[in-house]
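Note that the chains take the letters A, B, C, D and E in the order they are written out, and that residue 1 is the start of every chain.
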Amino acid sequence: MSLIEITEVKKRFGDNEVLKGINIDVAPGEVIAIIGKSGSGKSTLLRCINGLETIDEGSISVAGAQLLPDELHLKALRLKVGMIFQSFNLFPHLTAGRNVMLSQMVVKKTAKAEAEAMARRQLERVGLGHKFDAYPDQLSGGQQQRIAIARALAMQPIALLCDEITSALDPELVSEVLAVVKELAGEGMTLMMVTHEMRFARDVCSRVVFMHQGRVHEIGPPEEVFAAPKTPELKQFLGVLH
Amino acid sequence: MNYAFDYGWLFEYWPVLAKGLAVTVELTLVGGVLGVALGVACAWARALGPSWLRPFVAAYVELIRNTPFLIQLFFIFFGLPALGLRMGELEAANLAMVVNLGAYGCEIIRAGIQATPKGQFEAGASLGMSRIQTFWHVVLVPALQRIWPALSSQIVIVMLGSAAVSQIATEDLTFAANFIQSRTFRAFEAYFVSTLIYLALAIALRQLLRGVGWTIFPRRGAAR
Amino acid sequence: MSDFTTWDIVRNLLLAARWTVLLSLVSFIGGSIVGALLLFIRTAKGRLGPAFVKAYVEVFQGTPLLMQLFLAFFGLGLFGIDVPAWLAAGLALILWSAAFLTEIWRGCVESVARGQWEASSSLGMGYVQQMRHVILPQALRVAIPPTVGFSVQVVKGTALTSIIGFVELSKAGTVVTNATFEPFKVYGLVALIYFCLCWPLSKSSQILERKLNVAHRNH
Amino acid sequence: DALATIEANKVIRIAVPQDFPPFGTVGADMQPKGYDVDMAKLIADKMGVKLELVPVTSANRIPYLQTNKVDLVISSLGKNPDREKVIDFSAAYAPFFNGVFGPAEVAAKDAKDLSGKTVGVTRGAVEDLELTKIAPADVTIKRYEDNNGTISAFLSGQVDLIATGNVVAAAILERNPPKKPEIKFLIKNSPCFIGLNKNEPALLAKVNDIIAAARKDGALEAISQKWLGAKLPAEL
Amino acid sequence: MSLIEITEVKKRFGDNEVLKGINIDVAPGEVIAIIGKSGSGKSTLLRCINGLETIDEGSISVAGAQLLPDELHLKALRLKVGMIFQSFNLFPHLTAGRNVMLSQMVVKKTAKAEAEAMARRQLERVGLGHKFDAYPDQLSGGQQQRIAIARALAMQPIALLCDEITSALDPELVSEVLAVVKELAGEGMTLMMVTHEMRFARDVCSRVVFMHQGRVHEIGPPEEVFAAPKTPELKQFLGVLH
C-alpha cells in the first residue's frame, strides 16, 4: 500500500496552471528525489502535500487519510508529514532546544520534561546535542538546517518533505546536512526531496521524479533516469548541470 | 433626541465652506510637496551628510517632533515678526506645515535610506559615482518607495492637523466650521459637515498618494 | 488686571500637566488593549473581520481627533446619553489610539518572514498558537520603537480634550495667556513642558530602534 | 421644565467663559472670575440654589446647552436672527463697550475710514458680529480664536487695528507695549444676553426677573463698575 | 609591465587582520581565479583593489597609477576597474537599459543618445538586447547578473573584478553567466575573479590564486594548482569540493 498517494493534482495561481495533473505514489520507506528546472512546480507540489497550498483538482492522501483544507484535517496531516525548507525558518527568538520543543508542547501538549528529553534526543541524532542552548543566529547555516530537521523529527512524522534544503548553504556545509538525510533514509524514513545534488540523488534515492512545466515528465530509479534519460528535456536538464 | 438638525445655513454659507476646503487643500499640497522635499534634505543630512551638519538637523527634528503644532504655529506667526520676519497667516500656516512635515518626514525617510542594502552604495561607488550622485540616482527612489506608505500616513496626519491653523485666522475648513457655528449656533451641523469633508479629503489624499506612488515608483516590489 | 506671578503660571501649568499625563496613560494603555484585539481580527483569515477593522481604521485615522471627541461627548448627549466628560475623553482617545496602534502592529506582524508562518503551520500549529508563540514574540521586538514613538502623538493629542472641558496643559496655557496677555512666556513654558514629557519618549524609541538594528545585524 | 428641575435639584449649572476677559477669566488660583461669573453667582443666589460653574469655549458653549449639560450660558452672547432660531435669549444683562483701536498714526474716525485696512477681532464675540455688519466691503477682517490671538496679532503688526472691549484695550496699555492701542471710534453699543434652551418660558421669566431686579437694586451696576470700570448705560 | 600590482597589502578590521601581506601582479589580459575557504579574505582583497575598503599597509597600483583614498583618485580608479558582485546589485527602480546608461551619464556626462547606444551594444554583447526595458525583478538571476556585467562594461574598464558572481544563481543559470565571462576572457579582458566553479577556473583562467588565512598560499597555472597541490590546506580544500 502507498503511504502518499497523489492523484491527478492540479494547482493554479490565477491564470498560471503550475501543476497540470500530477500522479505519484510513494511507498513506505521510499526516498524520492524531485528534480527539474526552476519554475517547474517542484516546491508547489511539496507545499500542496503539506497543505500549505490548497489544490484545485485531484486528491492527495497520506497514510490512507484524504487531505482536506480545514484546520482539523490539516493539523492531523501535519502531525504525519514534516517539512523542511530551503531557508531553515528556525524561530529566531528561541534557542535550538526550544525550537525543537515548542511544537510538541503547543500542538501535542507534551509535558515540558518529556518534550525536552525528545528535543535532546533529536538534536543528538543530527549531531548537535551540545547546541541545545544556542540561538539560531549563533549557528552556521548547516547547523541551523540540521536543527530544522531535528525540529521536524521531534513531531515523529511518518514522512518528511525537503525543499532544496542545501541550496542556501555554503558549499562546504552541504555535506553535513546531506549526511543527516542519508542516515534518516537508512533508518527507513519516507522522504520526498527537491534537490539539485544529483550525486546525492543517485546514491541515496530509490526513485527520481523529473518535473517539467507542471508535469511529471520522467520517473524511475536513478540508474535509469540519470544514465538513460528518455526525453530531450531531461537530457538537456542533466547536460546543463554537468 | 429632541434636537432638530437644520442644514438651511448651508445655502447661505457654502462659499465659506468652499473657501475653507480650498485653503485646506492648498495647505496640504504645498505642505506635502515642500515638506517631503525638506524631509529628504534633512534625511540625507542625518544619514549621509557631513558630521557638522547632523546635530543641527537632529535638534530641529527633535524640537518639532516633541512640541505641539499649535505652538510652533504661534511662534511662527506672532513670534517671527519680532525678528523682523512678517508674513500673512496663509504663508505662516504653509511654513508651519512644511517645517512640521519636514521633521516627521526626515525620520521616516531616514529609515528608508538606512534600509538600503550596502550593495547599492557599493555598486554606485564601483561605477565611479560620488556619494551625492549615488544618493540622488541610486538610493533615493527605492528608499522613498520603501517608506511610501508610512510617509503617506504622515501626510494625512499633517493634513488633519492643519485644523490648528484656524487659530491664527487662516480661513481653512475648521475656521469655516467655527465661523459658521459662531454665526448660527449650529455647532453640530457645522462640525458634522466639516468632519465628513475631512474624511473625504483623507480618503482622496490617500488615493492620490497611492497614485503618485504608482507613477514615480515604476515597479511594485522592486525595493524590499 | 493680571495677578499672576511667574511662579503662579508655572505652578498652574504643571498642575494642568497632570491631566495631560493621566489622559495619555489612559488612552495609551486602553488603546493598546483595543488595538491588540483589532490586530488579531485584522490579520486573521476571513473577510468580514479584516474589512471591519480596515473601515474602522479609515474612519478614525481619516477624521480629526477633535471631532471624534466632540461627537463622543456632545453627539451622544444629543441622543440623551449623558456620558461624563472623562468617559467620553477616555473612549475617544482609546479608540483613536487603537486605530493607529493596530496599523503600526500590523506592519510589524507582516514584517515577520513568511517562512515563519509556513514553518509553524507545517509543525501543526493553529492561528492563535502561531501568533502567540512564533509571530508576536518576533513582531513585538520590532514594534516597540514605533509604539513608543506613537506615544508622543498621544501626549500631544490629549490637548484636544479641551473641546469637552478638560483644562489640560494646552488649555491651561490658553486660559492663563488670556488672563495675563503674556503669550511668549506662557506658550514658551507650555512648549517646554511638552518637550520634557515627549522627548524622553522619542529618545527611548530611538535608542530601542538602534539596539534593534544592531541586534538584527548579528543575525 | 428646566426651572422645576433646578429647584428640585437645588443646583443650577451655568456655562461661563474662562478665556475672555473681563467677562470670564481666571485668577492665580485658576478659579473663574469676571463679569459673567459674578452674574452667574447673582442668579444662583437669587434662585437660592447651588451654583455649578462650567467653563466653556466659544466652540462648545452652545452644544453644552443643547445637550442639557448646562441650564444657562452666560458668555457675553450677542444676538442675531440666526442664533435666535437655535436658542432663546434673556433680557440684556451686560453692556459691551466696544471700540476700534489702533496706533496713533492710523487715522479712522468711523467705520467708513476702515476701508482698505486690516482689522483683527475675536471670532464669534459681539464685536465680531457688529463690526461685520458695519464695515465696508473692502475691510479685511481677521478673526482670531481668542482675545489673546487678537491682541498678539495687533502687537506683532499682523493687523492694523483691532475691535475689542475697552477693558481689553486698557489691559494692553497697562503693559506699556511699543504699540499703543488708542480708541478710534465706538462700535454701536451692543449688549450681551444670557442664553437658554428654547421652550423654557418659566426659566426665561425667572432669569429676566432677576436681571430686572438686579438693575433696580444696583447689583448689576456694581458688577459693571467692578469689571468694566464704567456705569451701566441707561438704555440697557 | 603589470596592469595591477598588489604589493605587501595588509588590511585589518579592528583586531582581525584579514589580509596579511598580499603580493600579486596581474599582466594585461590575464584571467586570475581566486579560490579559498570562506573567510580567507578573497572578497576583501577584491574590495581593496576597487577602493571599497582602504588598505592599512602596502600599495596597489592599477595601470601605473597608485590607489589613493580620496574621491578624485577613487573615481579615476573606478573608471579603469569595474566590479561585479555576488548579489548583482542592480538598481531596482531602473530598467535594464537605464541601469547601464546611468553611470555613463552621471559620471562621464555622456549624452543620453550616446549612452543609450552604448547600453544597447553592451546588452547585446551579454545576449540581452531584447531586455532593454525590463526591470530587474522581471528578470532571472542569471539575466540580472549579465546586466550587471553589461553595466560594468559600459564604463569601458581595462579590468574587471568578479566576486563569486555565480554563487547566488540557481545551478541551471550559472552557465549562461560563465559563458559571458569566458567570452570576455577570450576578447582579452583582464579579469580577477573569486569563484567556486573549479571546472571553469581550470578551463579559462591563466593563473589560480589559493588564499588561506589572509595569505596567498599557493599560486600558479591551473594545471599545477589543481593537479598537484603542494600544501595540505589546498589538498583539503579541493577534497571538500569534490
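Everything that follows uses one rule, which is that a residue touches a chain if its C-beta (ideal position, glycine included) is under 8 Å from a C-beta of that chain, and two chains touch if they have at least 3 such contacts.
Here's who's who by UniProt: A, E = ABC transporter related protein; B, C = Polar amino acid ABC transporter, inner membrane subunit.
Keep in mind that this is a model prediction, so the values were computed, not measured.
> Shared touching chains for subunit C and subunit E?
A, B
> Centre to centre, using CA atoms, which chain is the farthest one from subunit E?
Chain centre farthest from subunit E's centre: D.
> Report the inter-chain centroid distance for subunit B and subunit D in whole angstrom, where each centroid is the mean of the CA atoms.
From the centre of subunit B to the centre of subunit D is 37 Å.
> Rounded to the nearest whole Å, what is the centre-to-centre distance of subunit A and subunit B, using the mean of the C-alpha atoms as each centre?
Whole-Å distance between the two chain centres: 51.
> Between subunit A and subunit D, what is the gap in Å from one C-alpha centre to the other?
81
> Of all the residues in subunit A, which ones touch at least 2 other chains?
none
> Can you list the subunit C residues in contact with two or more other chains?
Answer for subunit C, listing residues that touch two or more other chains: 70, 74, 78, 183.
> Going by the contact rule already set, what residues in subunit B reach two or more other chains?
3, 74, 78-79, 187-188 - these are the residues of subunit B that touch more than one other chain.
> So, with touch as defined above, which chain pairs make the list?
Those chain pairs satisfying the definition are A-C, A-E, B-C, B-D, B-E, C-D.
> Considering the complex alone, what residue numbers of subunit C touch subunit D?
Checking each residue of subunit C against subunit D gives 1-5, 8, 12, 15, 70, 74, 77-78, 82, 162-165, 167, 172, 174-179, 181, 183.
> In the complex, go through subunit B and note every residue touching subunit D.
For subunit B paired with subunit D, touching residues are 3, 6, 9, 74, 77-79, 81-82, 86, 88-89, 166-169, 175, 178-179, 181-188.
> For subunit C, which residues are in contact with subunit A within the complex?
The contact residues of subunit C facing subunit A are 113, 115-116, 118-126, 129, 133-134, 137-138, 141, 218-219.
> Where on subunit B does subunit E make contact in their complex?
117, 119-120, 122-130, 133, 137-138, 141-142, 145, 217-219, 221-223
> Across the complex, what residues on subunit A touch subunit C?
50-52, 71, 74-75, 78-79, 82-83, 85, 87, 89-93, 102-103, 106-108, 137, 148, 151-152, 155
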